[in-house]
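For clarity, chains are labelled A, B, C and D in written order, and residue numbers in each chain start from 1.
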Amino acid sequence: MSAKHRQELLRQMLRIRRFEERCAELYSATKIRGFLHLYVGEEAVATGVIGALLPDEPIVSTYREHGHALARGVPMDAVMAEMYGRSTGCSRGRGGSMHLFDADRHFYGGNAIVGGGLPLAVGLGLADALRGAHRVTTCFFGDGAAAEGEFHESMNLATLWQLPVLFACENNQYAMGTALARSHAQTNLALRAASYGLPAWPVDGMDVLAVEDAAQRAVEIIRAGGGPVFLELRTYRFRAHSMYDPDRYRDKAEVEQWKQRDPIDILMARMRSDGELEDGDLEALDREVTEELARAVDAAEAGPWEPVEDLTRFVYSEQS
Amino acid sequence: MTTIEITYREAMRAAIRDALLRDDRVFLMGEDVGRYGGCFAVSLGLLEEFGPDRVRDTPLSESAFVGAGIGAALGGMRPIVEIMTVNFSMLALDQIVNNAATLLHMSGGQLNVPLVIRMTTGAGRQLAAQHSHSLEGWYAHIPGIRIVVPATLEDARGMLWAALRDPDPVLIFEPGALYPVKGELDASVREVDIDRAAVRRPGRDATIITYGATLQTSVAAAEQLADEGIDVEVIDLRTLRPLDDATFLDSVTRTHRAVVVDEGWRTGSISAEISARITEQAFFDLDAPVERVCSAEVPMPYPKHLEDAALPQQADIVAAVQRTTGDGR
Amino acid sequence: MTTIEITYREAMRAAIRDALLRDDRVFLMGEDVGRYGGCFAVSLGLLEEFGPDRVRDTPLSESAFVGAGIGAALGGMRPIVEIMTVNFSMLALDQIVNNAATLLHMSGGQLNVPLVIRMTTGAGRQLAAQHSHSLEGWYAHIPGIRIVVPATLEDARGMLWAALRDPDPVLIFEPGALYPVKGELDASVREVDIDRAAVRRPGRDATIITYGATLQTSVAAAEQLADEGIDVEVIDLRTLRPLDDATFLDSVTRTHRAVVVDEGWRTGSISAEISARITEQAFFDLDAPVERVCSAEVPMPYPKHLEDAALPQQADIVAAVQRTTGDGR
Amino acid sequence: MSAKHRQELLRQMLRIRRFEERCAELYSATKIRGFLHLYVGEEAVATGVIGALLPDEPIVSTYREHGHALARGVPMDAVMAEMYGRSTGCSRGRGGSMHLFDADRHFYGGNAIVGGGLPLAVGLGLADALRGAHRVTTCFFGDGAAAEGEFHESMNLATLWQLPVLFACENNQYAMGTALARSHAQTNLALRAASYGLPAWPVDGMDVLAVEDAAQRAVEIIRAGGGPVFLELRTYRFRAHSMYDPDRYRDKAEVEQWKQRDPIDILMARMRSDGELEDGDLEALDREVTEELARAVDAAEAGPWEPVEDLTRFVYSEQS
């Protein structure tokens, strides 16, 4: 793998990290409202998985999707404007943090019903299978989502019909305040998933190179007609579930321990030891990202609101 | 015009077959639509003609296959998803309410969902408390979806194609009691309008507003009342969402009396909405309060005598019209 | 009478704690009710006091834990099941509609289901299209269940115990916007009646019928109208099923004018049912058509200005009352 | 196992068989209406499993539940009267074939939503666990039901909370017209169930002794606090799914092959070879059952209807 590529991975993770940190500030500044779920700590998952996909391959995500949208290439301006609820947002400001969409970039949102995106991904895969298209549809969902009935039905359906779907389970150990072991009788989610008869394995979700490598292999299996694949990406959110969450349920030592495995530090260390990261590189990268972010915030601040007269638009399609 | 003799079931089947022939993005998906031939034999023979990809049997996974229909629609297909019976659709309601109905709005107009969901509705076959309800009027509360109910052979034949051409989700409710109904149909029918209600019987003295399985009962009630010299107009709503106010308001402003007939449970039924709209838009034209004839508010009991007692009967409709015209007092 | 200063959230918590203390058959079950302290902090501290058996965190499995609540009720317990938000209850609707609401009837009266389900409802917090709806009026269509909506601190404190003493399923809808509301409460309140609506403000010229989050908006509108010399009575329905017709009919027959205010989507809302019942039972007492002030029929948009525009505002209510009293024309 | 006991098992299976055959006739005679799902061929499952339970242990069943009700001891009169919709029926005639209930006998129905009974069984088990009762709640459901989300959620919940529930999966190879392999990616249902982390194994559902033995072992595990157990009872329905079903989807040879393993014949052969069934015993048994059935039909014919004025009773409890 080329040094350039690793630098690109680093850049993506940094973009996501800085974006999320800024969102937290903007939430406190009441620029962003509603529910806000941050991805800090999980950057390697979105970056590694989406890095293995082609730009026209569909992605279905959750309400913790800023990182997925940025990694897919939804412009930071459009994502930030959406946080602000401006009509320049990627969902015209009507969706907000939990409902980022970008049809042109095959980014199908932004679903705030836990597990609700799984059947959609199965359907996108079915459409491609019926048309003989060779795209892989990726569905991101959490460890908590795996307890929902829709998970079971979707896994069975995708495997039964051998659909081109990558199930990317972001196991960050908690569903809100509920630890994995209090959600699932079988906490080895890859093992559970394998019982449906599809390839499934756990991946170190803090190591972007491991994630990308696993995703590459998964995508090859699927593109070769091997049916769906399940990846359990073991990761951790460094922050609370949402800005509403006082985070009473996690022991600080546990959080600290995981922070020792910060995905950005891990990649940088690897790059340094391989001589791929010179002094100053990080600063340069950071400057670049900070500028992009500043532009995005300025654009969002300047963005117009949807006119109130348009309130009931987009309930039904506008016949052209 | 050449007509053919056909049942409601056959008309639905012809509509599905027609759609599969006309548009290769169309496919039918649901429990037992293929090998079994459809729970109520609507899709009988279609698997043999179109193969398992386009007439697709699913496992018992209502939420996933309805959601997969939404996803396939997003992916460029035109799925027809069949849910056997309205009660089972409760298992898929999350996908219908939280995804199908909201994606267009949440995405700021980017993602419309050209999906058609068909399901059997209603009572009359002694299927008891988990297979007999009429929830189409309840579904009509949800913005973002269209609700249609074919009550005639022509609508059974023509509504599906119109629904498939709609860029947004359309739910077609098929009253199970109508499947065996036989009659004459214009052989050329392929598509019907799904925006307007229809006057099925013109009249001057009172207006019955209904849809679905109670249409024929209402027409029969009107005929009976005609013998008593009461000339009743009967309107078939056809589409429960969005409602076509103009057609029933025009009628009520002429007849000054309205009776809404609906197989749903009375409280919070679509008949309540119709009554409210008439009050709001034609209050000063009314000579009598709007009457409602609905189902008793009971999970459907199994025995025939209780099921009949729970459902709107011709006599109930006649009595309601008589009350509005004062002859009942 | 000694009063305490308390928030709506604290009143609900006190009610749950009280129930856990009074009846050892009672337990609370739902997502994050324990370790997290409740999604909206309603059950904060209860796990520590009552332990994980009686304050039970569940996996994300709405259908199974609601169904398990039904089963536990059949097994002699008195479960309080919490669903975080009304939109998620779509995932459990099969259990609510096809089991909880029907078991008593299907079993010929043998199996009642003494289950209480609590959920947060309504908008006002910019939670957008999958977290902001008001479906309590929609649920009121279902026979076999009772629907209550506490709009005051007293009802937040007292409705739960009444619901637990009901032998049949009771759904309690808690408007999320009310949780932080603070006020004075009679310290002795333990249980309130859940059969009757309440007159929250007496008046002579017109009647506003509402419930839940729009009660305070309606009272504020009434105060504003008082300054214009229009004396408005405000009724809080409190229980949406079964509806207490007597209270609002008595009022309307005195004021001859009615405005129904409801945060649900307009079409097929509970306000339609109220309007229809007034028409049916008090038509000749009405001096003006019954008006409705409801939410715009749109999946809730995220930005505040659009959310506000979608919800019933004081100005809308004032205008509606003025229309009924003729002062708006 | 005593000869008496085997004779009792034979008697139970015969009661169910004759009852179902009679129901088919009565349906054609339009005495029974609505949906009617017969249990012919599956008698060993209800007989063997319920034989291992104590009379006060709850049973949750499906719409194919006549056999379960009879095996539990719901009087045949009351069951037949329910088929007729008479107020002397075990559900006052309001339920019909799909909704048999008997609270006194802890028979919780009679559920016509596939999979809908699973959460109820979990809840009954939860109630017992909370009260420290040592009963086992048994839930019967089909192979098709295992594809429903409610199956997944219920299996996980029962295992996670170690509840006293016996999951009795009646795998009769078809869900209406859909063969197992077209419903499930993993057709070994016991294997799939085991992935939740509970004891699960397949059982020959045509051999009542094997079924009873498996159920005994399962119940012992559960009573000993071992948590839930899953049994995959491999069986077959000799008749169509319901009286509406023309049975186009099964190959006649397959049906014939399974009929070679008629559970009643298998038990009788065993008993004969062990000298536990003398000539005439069967005839005597049959006569006894036929008389019981005749009495039940007569009683049903004579049973009163619920008065129409009572239509809306039992929607809400009658406050006494």
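Note that a residue touches a chain if its C-beta (ideal position, glycine included) is under 8 Å from a C-beta of that chain, and two chains touch if they have at least 3 such contacts.
No experiment lies behind these values; they were computed from the predicted model shown.
Peer 1: Need the most distant chain from subunit B, centre defined as the mean of C-alpha atoms.
Peer 2: Greatest centre separation from subunit B goes to chain A.
Peer 1: Take the average of all CA coordinates in subunit A, do the same for subunit C, and state the distance between these two points in whole angstrom.
Peer 2: Averaging C-alpha atoms per chain gives centres 36 Å apart.
Peer 1: Roughly how far is subunit A from subunit B, centre to centre by C-alpha average, rounded to an integer in Å?
Peer 2: Here the centre of subunit B sits 41 Å away from the centre of subunit A.
Peer 1: Could you check subunit C for residues that touch two or more other chains and list them?
Peer 2: Counting only residues that touch two or more other chains, subunit C contributes 59, 61, 63-64, 87-88, 91, 94, 98, 105-106, 128-130, 143-144, 297-299, 301.
Peer 1: For subunit A, give me the residues that contact two or more of the other chains.
Peer 2: Touching at least two other chains: 93-95, 99, 111, 113, 116, 147-150, 153, 156, 160, 182-184, 315.
Peer 1: Touch graph across the chains, line, ring, star, complete or other?
Peer 2: Here the contact pattern is complete, since every chain touches every other one.
Peer 1: Please output the residues of subunit B touching subunit C within their complex, sorted ascending.
Peer 2: 63, 87-88, 90-91, 93-94, 97-98, 101-102, 105-106, 128-130, 137-138, 140-144, 241, 243, 264-265, 267-273, 275-276, 279-280, 283-284, 286, 288-292, 297-299, 301
Peer 1: Under the stated contact criterion, what part of subunit A meets subunit B in this complex?
Peer 2: Its residues touching subunit B are 58, 60, 87, 89-95, 99, 101-103, 108-111, 113, 116, 118-128, 130-131, 149-150, 153-154, 156-157, 160, 313-319.
Peer 1: Quick check: in the complex, which residue numbers of subunit C touch subunit D?
Peer 2: Spelled out, the residues of subunit C in touch with subunit D are 27, 53, 58-59, 61, 63-77, 79, 94-95, 98-99, 103-112, 143-144, 146, 167-168.
Peer 1: Spell out the part of subunit D that touches subunit B in their complex, as residue ranges.
Peer 2: Per the stated touch rule, the residues are 33-35, 85-86, 93-96, 98-99, 111-116, 144-145, 147-150, 175-179, 182-184, 245-246, 248-249, 305-306, 308, 311-312, 315.
Peer 1: Which of the residues in subunit B come into contact with subunit D in the complex?
Peer 2: 31-32, 34-37, 39, 57, 59-64, 87-88, 91, 125-131, 296-299, 301-306, 309-310
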